[in-house]
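Letters A, B, C and D mark the chains as written, and numbering starts fresh at 1 in each.
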Amino acid sequence: MKRRMESYGKMVQLLFMNPVFFIGISLLLVFIMTSMVLILTGAPPFSVYKQIFLGSLSTGSKFGHVIKAWIPLTLCAIGLLYTFRINLWNIGVEGQMIIGAVFCTFIIRLFPNSPYPIMILFLAFFSSMMGGALWALLAGFLKTKGGVNEIFAGLGLNFVAQGLILWLIFGPWKRPGVASMSGTEIIPKGLWLSLIERTAIPPAGLILTFLALFVTYLLLKYTKIGLGLKAIGLNPKASLLFGLKPSLYMLLAMVFGGGLAGFAGCIQVTGVYHRLIPSISSNYGYLALLVVMLSNYDIRLVPIVSFFFSCLNVGSIQLPMVLHIDSSLSGVIQGSLVLTFLALHALHRRLSTPKEIQPS
Amino acid sequence: AQPDQTFTFGLLLVGPMNDHGWSQAHFEAGKYVEEHLKSSKMLYIDKVNPADRPGITIPQLADDMIEKGARLIIANSDDMSDGIIEAATMHPDIYFIHVSGDGALTGKAPKNLSNVMGRMEYGKMMAGFAAAMTTKTGKIAYLGPLINDETRRLTVSCYLGARYAWEHVLKRKPSELQFEVSWIGFWFNIPGVTSDPTQVTGSFFNSGYDVVISGIDTSEASIVANQKRMAKKDVYAIPYDYKNACDGASAVCLGVPYYNWGPSYVDLISQTMKGNLKQQWLWLSPNWQDINNPDTSHVGFIKGPALSDIASKALDLFISDMGTGKIQLFKGPLNYQDGSVFLAPDEVANDKKIWYMEQLLSGMKGQSRVQ
Amino acid sequence: MNDFSAMMILSSIIAAACPIIFAAIGETITEKSGVINLSLDGTILLSAMTAFVISYSTGSVFLGFFMASLVGGFVALIVVFFSIYLRVSQVAVGFVLTLTCRDLAYFIGNPYSRLLGPQVQPLPIPFLSDLPFIGTAFFSHNVVVYVCYIFFFFSWFYIEKTPMGHILKAVGEHPHAAYSRGIHPHRIQLIYGFVGGVFVGIAGASYSLFMKAGWGRPQGCEGIGWIALALVIFGGWNISRVVIGCYLFSFLQVMGIFFQQWFPTFPSPVFQVAPFPLMIFSLVIIHVSQNDKIREWSKDKNVILFFLNRFSHSAPAHLGKRFHV
Amino acid sequence: MIEIIDIHKHYGHVKANNGISMTIKDGSIHAILGENGAGKSTLMKILSGYIHQNSGLIKINDQIVDFSSTSVAATFGIGMLYQDPMDFPQLSVIDNFMIGQAKGIFIKKRTFLNRFYHLSQSLGFSLEPDCLVKTLTVGERQQLEILRLLSLGTQVLILDEPTTGISDLQKDTLFSALTRLTRDGKSIVLVSHKLEDVETLCDTITVLRQGRVSGHMVKPFDTNKLLDLMFETRSSPPGRLVTSQGPVFFSLNQVSAKGGRVGLKNLNLKIHQHDVIGLAGLEGSGQSVFLKVSSGLLPVQSGTICLDNKNIVGKSHVYFQNSGITYLPSSRLEEGLVPGLSITQHVSLSARPKPLIVNHKKALISSRDAIDTFHIKARPDSYVETLSGGNQQRLLLSLLPLKPRLLLLENPTRGLDLSSAYFVWNHLQAFCKTDHTSILFTSSEIDEIMMVSNRILVFYDGKVVLDKKTAETTIHEIGAAIAGKSVHL
């Protein structure tokens, strides 16, 4: 295996060094893989891709729904950039979103019909961030103090959050008489995020997401926090000697990640479902991990990739409706896309020679 | 598609269209419409619940179907009420039908939304009756979904049917009949969210209950009963919702109460085509002459292979008596679980009273509402 | 349902634990060789689907199990392959596979959902099953459960008592040293990665072919993969303790229903969710038990010390890291 | 007889071995000398089949062999004791002994035990078969490895720097064992830095330099000639530092701590300014624990640490750093540097106090002159993992704060060739001269300690068993103390 690679190395290398080719080949590979799956299951590949495309971008309202999905997904992905930077697998995003949504709903239930909805909304945003951050912090402490691998801490807390939200929906916050998965009472219209004319796009969410993108970019690139996170992520032991406190930075990263996730949860409540439902997190927590991996932990790619994923998610609704194919196909496509990318990127890394070292 | 030739209607199914239960019944009703109203065409999407389709909302799907030319949209789950009302308000020129809701009754819903429901109460009474005729231990269990008015009244009907058989046909002491409900939390199993129906049914059988009546959309009850039967246990199950639910579980299946939505759909849709659909709240009864008539009866009960002849004969009599009104089970004196009066002696419940069933009845074990 | 019989409960605990045991031990074997296969949750679903579809269309339960185990092994091989030849983080690949396999299972399995297919027939063992109490509890299940008994004894023996077991451990502990002794770590990892995966596959099959007979979305075994992964840590990479953990979890799950009866004020879902976090947070206890202060404090308290020592464990030194000369 | 003919081995651009040819006679002890990175280990790994050469031949008794793996080499009776221990700390001694030998379904433990006892007696080793390897000393682990190799029927035993980090006692046992083996007709290949070891033990010496053979030599050896073969330029040894002893500023009182193999047991110590203190002792006798404790990296169990008569126990490592106490670990890539970050990024990391906004331009400039002043063979943007060991050490030095008060150095010259070592010392001593800095350092080389330090502490079993001015003690006394022989203080 190794030897063969080395011999082909040179030739393939030249090709791989060229990014356009690189992206092209990975897309092609994924295309082939998914098409194979489709053909095996007796579905017509091309009409599938066509439907997904039409279903996500053909009309304004559809595009709106894509953006509606893009906002929370991107927020979660941005949050993950912090934790990945310090080499933490924050798998608890789902739970952090849920808690954010719960806090948001809590505030709204406190002041159902206040004269100043804007203020309440801001309060809700803020508290949801706090909530998400808090939940992430728990996972952080389990990691730093409790010595539980963050993956399992996150998972555990996801389950707990799941239990909590169910308890609220079936218990204290249930609708009179009924206890059902359909969630709590609808929140007052006044507190719904206002949408752009006949689309599902909440401008507020859009703006704040872009803000988060920008701030994170600066924070990670130009501040000691960014550098510290990276150093600790790469070698915690040595970072001590540079006067960094790994556990502190870990908690910090978790707080940032959790805060953004919590905010995403709040958007789901005020902008999408207008109530608290058990699956308020909509799987964005897990999807975001794929997004970040596929964008190779590079914040400049995150919004693009997550837009692509949102298109897949929204577009895939057409599959059952038009072609009577199950829409979990979108998940298959997303997964295999990331896998192929990982593989190709690894090849890329192995074929590129180690940096030359000359005395300056 | 040009609206004048073909009339497109959309169907939002809460579960899988092949769930052998509630959603499949609706799906097949849709097919029934397509063949009886030649110019009609069905659009459908199944698994419309946030667990299966994260991030997808009812209004979003409605938008999509309307873009595809749908002019009437049917939502088949109580849980869709908010979404469907939201959608109906957004598209006043499109007709919406919400199955099993009460928006039209309470006036919450806009004018272009109607409700339709079948009187499954009767079906459930027959189920309860069959169960009581069959049980040896006198312990009947009900595998309940989530707790709301609808599920409460269905469970209660089951109990009334069972009690009638127990006291008036078998002439046994009321105290010897045990009827317990266990709510799993949703219409089907969601791991880590609902109780696991497989486990619940299993432990019912393990603790002496020998008939389990399923109130949920999926077939765990029959499957587990089958397994127990393979292990030489004398147990029975009564599935729910779907004509052919007994297939494959014939050894244990006492029969199945089911909805037959076809006729009501045809009726509503043809009205819409003519453009004279008024907002209404329908609660449709079986056709007592022939409860299993696919074109006229809205609710039916198909006897299962495991039902004994005696029981079967008694059941026929029970059905005809209900048809003639000789037997009226929603008749006082009946008390709620907490002892408060549901029906005074000889009082016969009106629709509203039945529809908004507040609690289970005294004599039934299980939660009436979430504490 | 309040008047339940302890025997019945025990028996259903035993049955419910069986698939988890397959999965957890499978993963233990894989991790002993230094590879983390995080994809369990997806693999179990995919193999469950395979098992059902195959046995539904061929009518042979055995064939179902066979194909499922192959699927499980194959997925594990992907992880190992990525780790060895492409040097991609095992966690990353594992996680992606978790999601991908899950969706693949739902996608391919969709047409087969809610069908009544063949399932493993119960097979009480002639004389043993007539024994009072234990008979029903242990010996009136089906072949798979019995195989599971044998399996965990065998795997324990294999790892602790045979040269091959030593080699397996050696690779997980210090592959360079193993290599210097003429052992090929990559080969070992490929082999045991596959073997572990095979058992995970069997776990999946046991779900769709008897524990939760049938296929559908959700199938009912979602989340179990994560638990199996946690159980490996809980058991400290030690077969016998992993198995104990499995029974513990299964106990919690089965009792959930009864707790629900006994504390009706709690909404039922809470009891359904509880076992998952409980299992995972028990890891905290395990970690704390390693803490020096605690150990100091428990020096003279023999009972506590006993338990602490049961908990003490260490992961294979080279777990999750990549080996190359 | 083994012939090595024109062996080439490249790592990326590095020519680890660049055309090496040599001959190893049966029944001889053959030494391979050479400065760091000369290619010794690489050559040996090739000879033992651990890695494969890019080109070149190996002949055994005029028959060409191709070692695709260590097991193939083993069948030709070649076995190697690696520079870094290749055993399984978590497993027991006997398990370690068996892994790779035992085959089949069942383990025949008994037979292996017998073989184990028999061998270890014949070599005068005493190992407890059932205790875990992680509890053994480096020397004992070597012994175990040697036993294993012999029981595999090794005829040619390769030892790569076996004498680093073991006690003189263990060294004697080892050497006598080796001579005994040669008497049985086995041949030994010994890789080392240390002339005196080699000169006492070996019959033939091959010196490598930068991947090539720079010369052969047979007994008797001419030390100066050897040194010339090893190093092109021999920079002058720094020699001991002569300055007036300053006032006490740092002291440990009754300090005990956990860690390492033995921890630290009520240690009392006063440190003056300008002190250069060498810490001798077997690996894991408490020196490194002591260094970590005094730099605030390890918590103390009891006792006080005073800086300027102020107790600073329980303060964070950062606090220690900010008050001028700096610690350098011996394993650079593992504990000292951040692989994946460039030199420039390291510079901005070590900036104190850290500004919130990182100033890339400034960092670039300062990393440039660091590279110049410390002769680091790299560019500001080159990643530290691509630096050679010596260059990594130079980088670490350049990152030291400006006016350190106390430097705690763990093996500051481990793995460095003489010239690099001298460079390091000259630089360190400059600190003492100009900034009243005191230095505590560990080293496994007694003569290095004798050379540069003006005070010596010998650790044994977590205690200081000898504390003397270098002038007032002798290598003999120190050696005795290290080996734990009772010395009257």
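In this text, a contact is a pair of C-beta atoms (placed from the backbone, for glycine too) under 8 Å apart; a residue touches a chain by one contact, two chains touch by 3 or more.
Not measured: the values here are computed from a predicted model.
With centres defined by CA atoms alone, the chain at the far end from subunit C is D.
Annotation: A-C is the more contact-rich of the chain pairs A-D and A-C, by number of C-beta pairs in contact. Averaging Cα coordinates per chain places subunit A and subunit D 47 Å apart. Distance from the subunit A centre to the subunit C centre is 29 Å, each centre being the mean of its Cα atoms. Centre-to-centre separation of subunit C and subunit D, using mean CA positions: 44 Å. Separating the CA-averaged centres of subunit A and subunit B is a span of 39 Å.
In subunit A, the positions touching at least two other chains are 159, 162, 166, 170-171, 179. Not a single residue position of subunit D touches two or more of the other chains.
Under the contact definition stated at the top, the residues of subunit B that touch 2 or more other chains are 47, 51, 185, 190, 192-193, 370-371.
Across the whole structure, chains are in contact as follows: A-B, A-C, A-D, B-C, C-D. On the subunit B side of its complex with subunit C, the touching residues are 16, 18-21, 47, 51-52, 141, 180, 182-185, 189-196, 198-200, 202-204, 206-209, 218-219, 223, 227, 230-231, 247-249, 367, 370-371. Within the complex formed with subunit A, the residues of subunit B that make contact are 43-47, 49-51, 53-57, 60-61, 63-65, 67-68, 78-82, 86, 146-149, 185-186, 190, 192-193, 358, 369-371. In the complex of the two chains, the subunit A residues touching subunit C come out as 1-2, 37, 41, 89, 91, 142, 146-149, 151-153, 155-157, 159-160, 162-163, 166-167, 170-171, 179, 286, 289-290, 293, 325-326, 328-332, 334-336, 338-339, 342-343, 346-347, 349-350. Listing the residues of subunit C that touch subunit A in their complex gives 38, 78, 82, 85-88, 91-93, 95-97, 99-104, 106-108, 110, 217, 223, 226, 229-230, 233, 266-270, 273-274, 276-277, 280-281, 283-284, 287-288, 290.
Residues of subunit A touching subunit D in their complex: 222-228, 230-231, 234-235, 237-245, 353-360.
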